[in-house]
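Each of the next two complexes has chain A plus one more chain, namely chain B in the first and chain C in the second.
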Partner chain A sequence: MTVTSPPAPAGVVPTGRRRPAGRRATRVNAGQSRYGYLFVSGYTLLLIAFGLLPTLYAVYLAFTRNGAFVGVDNFVRVFNDYRFLPAVAHVALYVLFWLVSLIVFVVILAIVVHGIRVRWLGNSARFLFYIPGAIAGASSVLLWLFVLDPTVSPVSGLLHAMGYESLVNVVAVGNLPVVFTVIAFWAGAGGWIVIMYGALNNISTDVMEAARIDGASHVQTAWHIQLPMLAKWISYMGIMSLAAGTQLFVEPKILAQATKNVVPEDYSLNQLAYLYAFRQNDFSGSAAISITLLVVALGLSTVFIFRGKLFERD
Partner chain B sequence: MSQPMSPRRRSVRFLSVAAAAAAGLLALSGCSTSDTGGGDSTYGFTQAEQVADSEITVWVDASREPAVTAFEKAHPDIKISYETYDGSAGGSGSFQSKIALMDQAGEGWPDVVFSTQQNDAIWASKPTAGGEQGFAAPLNKGFLDQDFLDGFAAGSLDYATIDGTVYGLRNDLAQTVFYYNQKLLDEFGYDVPTTWEEYAELGDKLAAEHPGYILGSMGDSFMTYVYYGGSESPVFQSPEAGVFHSDTSDEHAQKISKIIDGMLANGTLVQDSFFSADFAAKYADKLVGVPGPVWYTGAIFQGGLAVPAGQIGVAPPLKWADGDVAAGNVGGGQWYASSHSKNLAAVKTFLEFVTSADEFQVDASSGYPAYTDAATKWLAKQAEAGYFVNDDFQTVMSDAATEVWDGWNVTSWSPETAWAKVVIPGIAAGETVESLLPAWQKELENEATVNGYTVK
Partner chain C sequence: MTDHTTRRRRTTLTPAQWIGRAVVALVLAVFTAFFILPIVWLILAPTKTNNELLLNGPFSVGSLDQLAANWNELFAFGDGVFATWLGNSAFYSFAALAITLLVSIPAGYALALIEFKGRRLLLITTLIVMLIPNTALVLPIFLELSAAKLIGSPLAVILPFSFFPFGVYLTYIYFSTAVSRDLLNAARIDGAGELRVFGQVAMPLATPVIALVGFFSFVGNWNNYFLPFLVVGGQKIPVQVGLSNLLANVPAFNPTTATSIVIQLPTLALATLLSVAPILIIFLFAQRFLVEGMTAGGTKE
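The block that comes next holds the complex of A and B.
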């Protein structure tokens, strides 16, 4: 399995159509469809080489040990590891915090920004939201290291007021789901706000005008019209973020390094898989964790897909 | 997805092209066999094919960069490139994880690696998961001259020696001693403590009479060696290969934990890391005394805290009032050579240079050299500079080197991670070390189990 920073999809192929309202797709001719293949071929090749084949290799590793078939032994060994259940709990809590905050705040912020009538203000707000997303995964964590350390933080006053005197206090294991949520939200939400904004623009002005004429307030419009019409996009965001969230790795890895393991090096499942592979030389155990992670992420994504009606056409 | 007109033939052709391309990609990126000629095994390992004058790659931590710079100056004819990494500090295991990746890839190994940890020979000497030759090259089977190896302080190569084969060269010795600030002691009218009990009493007096002054810090995970190794607490023992033993309920472990708790409570032990951004600003003129390894000389007193000459003294390591003198050991890095190197001649020159040449060990290294000739010169240099207040600091330091407690062992993982995971956040949250001892022991035993050790 690949170990990637959050924004990358994990074995989940984006299935949402780019233009939900399009009806033109039915008039595609042979020439256009040839170009269609051309456009997806690059992605498909890379997906096979770096997504599908490694996954199959991981499946092979997970059920074998030194080349011999061992059934579910690797899974049993990994599940009995004293670090496994805490790691599951850590990741689950983080994903919960992150998904909820992402869905709630991204939708609210997108609707608010969309509602801003002053053109330059709306544009600047979107731009501002988007900027942090331009900082790549690992470097954004480094940046947060400084923000979170009360001895050097620009917001040290706030941290002291919350009772934190040192970095060790701030990154106590109990605080980590919130810390990682804040980091991930800061880096990832902007991009989603821009996407949601685009989706809001796609809602027909006729519908919005009708609502206004009927006397719907902003809140009513948002609740009864914009939200239901955004449902697919929210599911899409949920799937992508879930896949990235369960793969939590870069943030705890860098914090572990920076705090000399006060943030434990076995905090998340991917870190545990990493330790198995590269510290214990146990690639089979590592593969077992990865496959488990894949199965869970696929299962949860399925829920999002069907609940969010992602595969249904308008 | 709507794809109304998609001739089946075309998709079949497309799929076969895609499959062929994927196969090509695989062949390009796939595992190539590591058969590169060579094969000479006179040095106790199978050499790679040697390429004369090829560039060697060296991994060092930031503190060892001067070693590379000094080498480049002394040997401009040898091509060398270096990368800095964390040196596996804090038991991060970076060295091992990176090498495991390269073992898997079958290429890309560095030629020389410096590690701050003592335990790397345990894994680096073993064959890889794929059954290939381990990373670390045996050094005493003909690769390095025995005369040169004999130049290291007695016992200093033990950590990296497995079944009589030496796999790593010790950079510096790291026995603990007790450092004190004579100026502050005179000002306050205190004596230098010689026992752990006196250390605790000094803490009580200092806290009562001169609050704000300190006797050390618990903010770094290597304090586990200073306070538990140095107090003969049987917390981290491997009496035989593959066996682990830890007993935090032992009398020494209990006593030292109570002392630490008392001093944390009265503020004479702080929780800031010695290497944190503002340690120097907060405590440079507040550190009255501290037990610590001899490399504190350069790394803490002359470096971070920049204490001028003529203030600091060195006393023997603290002991129990009813016990013998015993020193802890805090690291003292190791240099490893790669068994896959394509330029062993240059590697040999480099290893001999960084461990024994004056240009690094005497002039630029912060620690107490493990190579005896260099150590003598390093001590003479400190004496000449008049850095320490006591004239006998040379004998204090060299005696302590022979008094390192043998009840603290190395295993394939680092004792620092459990301390960092359990104790540091625990005391930061206001718990006592004594109350954390069972959890700490449990974590150590769990780590032992997942690393394949039997807990006894």
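The block that comes next holds the complex of A and C.
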């Protein structure tokens, strides 16, 4: 998902540390550069066909209706749709819960696992946290359908204690932001924990040792040394998760199906865009919602690349 | 080693340290249970009958016979359509994997080690697109494909799956850090052409990054739901989309289901397990390699 999502595989990123590669060769060698074009040609074609063109086509659809230019009419129409604002609110609330839980628990778990001195224990913990990342998309939602259904759940005792007797109670609309947060966190947090763990290894042992000799407790070291070192990774995780979270689709879609629309089929923005295209046959409206979401994602990623220090450009 | 000796020396712990350790142990235990118990449950559920699943303890073990019965029920469903779905998933994922490797590895290599006009533009575009969640482009791609009348064709899944900017970025990072220009130049001075430099000098060094890109591409595509859900239907759907179709035939979730053939809960659990089995197996076998790959650079300094 989302997580997961994914997509690009949720949450997996190499560090930005590297030598600037291209600097030394100052003159462009004509023979070499021909091969340069040859080597990037296949990828560039795919980039144009499935990155650039669909975006341009969606922009075209969003500003026209039956081939005629209509300005922002399509946007006005979908924004005024009675389902639009609730969908924005649903997604916003979910993203808020998800971000907070990711930032708090991923950082705590990474620091705790990093502090484990027994090697096999630390390694196994990281691996066990990471394993749910293998289960994404529809499969993870199906698995969580079972976990959240009090009649078969592995934690049915807990669900009964919380007063839930059936799946429909658990996935009541008010609970959904929490439910989706739990599903997304389950599948996605492990990858981020592994990344944060790697970043923590970057802190020199001298600094940690000095802090220990000065009598700093574990909590103090975590707060004053480790947390500031993680700041840029935390902001990276936050921005990626924010962008992914706005795309919520497969979870509410499958829950809607499993509960006969107790979970509404227009819960999230992408579901609404889907309904516009498939139920109402209104590609312009669908494109308007997609473009709005795409602008949010593009804005976030562009700002991050130009302002963040994680991917120093060469 | 030093860690162990220093720990042994400080054998007496203050009460505060004891509490600290207990809290840490508790946090770890709770989260490990959270991450792992659902998977354990999923592995055990297909060994039970529907009644055992509802009445027995969640972590009780059923029998192999029942597993076989559930297996037969699943693969008998819709004349074995589940096997078709698995086959579709494998076909789409492997075809896309092949194209991804074929175009991404040379592209990342060229971006890292060859000077050409437009290199920076391509690199920055790749970074920006890479950070967009891939679902953001799904509806625009669907709209484009439907204008191109490609909806329903396997190509409508495979080609968008093959576009994997993250793979290009990984390859770029790998070649710019792990392979030196001097090595390539030495080969050039020896008279090797660009294709030979790439094929015989760079490629043999690239095995780790090929594996890493291949892994992420395969996992991402196998688990992808949104795109194939929109662009293919009928017999051509992959298992992720098939799973949600299966759900419509489970009476426990859809009491009013119209079809006469029903799927019991343990069978649905088996389907869920099988739909992720290839990925789970890769994860289990490649864990060390993956964790190292993900933290590459982070752990070396």
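We take it that the second predicted complex is superposed on the first by the 247 of 314 C-alpha atoms of A that agree within 3 Å, B and C clash if a C-alpha of one lies under 4 Å from a C-alpha of the other, contacts with A are read in each partner's own complex, and residues count from 1 in each chain.
Just so we're on the same page, a residue touches a chain if its C-beta (ideal position, glycine included) is under 8 Å from a C-beta of that chain, and two chains touch if they have at least 3 such contacts.
Please read all numbers here as calculations on a predicted model, not as lab measurements.
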- Touching partner for A:Lys260 - first (chain B), second (chain C), both, neither: both
- Message: Just to be sure I read the superposition right, which of the two partners does A:Gln280 touch: chain B = first, chain C = second, or both, or neither?
- Response: first
- Look at A:Ala172 in the shared chain and tell me whether it touches chain B only, chain C only, both, or neither; answer first, second, both or neither. first
- Query: Is A:Ala49 in contact with chain B, with chain C, with both, or with neither (first, second, both, neither)?
  - Reply: both
- So, does A:Thr151 touch the first partner chain B, the second partner chain C, both, or neither? both
- Task: Spot which of chain B and chain C makes contact with more residues of chain A, would you?
- Result: C
- Query: Is A:Ser33 touching the first partner chain B, the second partner chain C, both, or neither of them?
  - Reply: both
- So, does A:Gly198 touch the first partner chain B, the second partner chain C, both, or neither? second
- Is A:Ser139 touching the first partner chain B, the second partner chain C, both, or neither of them? second
- Message: Based on the A-chain superposition described above, do chain B and chain C contact any of the same residues on chain A, and if so which?
- Response: 15, 17, 25, 28-29, 33, 36-37, 44-45, 49, 53, 149, 151-152, 257, 259-260, 274, 277, 283, 313
- Inside the complex, what are the residues of chain C that reach chain A? 3-4, 7, 20, 24, 27-28, 31-32, 34-42, 45, 53-54, 58-59, 102-104, 106-107, 109-117, 119-120, 122-137, 139-144, 146-147, 159-160, 162-166, 168, 170, 173, 175-177, 181, 194-195, 198, 216, 219-220, 223-226, 230, 240-241, 243-244, 247-248, 252-254, 256, 265, 268-269, 272, 275-276, 279-280, 282-283, 287, 290-291, 294-299, 301
- Given the complex, residues on chain B that touch chain A span 1-7, 10-11, 14, 18, 21-22, 25-26, 29, 86, 89-94, 96-97, 100-101, 104, 128-129, 219-221, 271-273, 276-278, 413, 416-417, 420-421, 424-425, 428-429, 446, 449-451
- Message: For a test of understanding, state which residues of chain A touch chain B in their complex under the given definition.
- Response: 15, 17, 25-26, 28-30, 33-34, 36-37, 41, 44-45, 48-49, 53, 81-83, 149, 151-152, 166, 168-169, 172-173, 256-257, 259-262, 264-265, 274, 277-283, 313
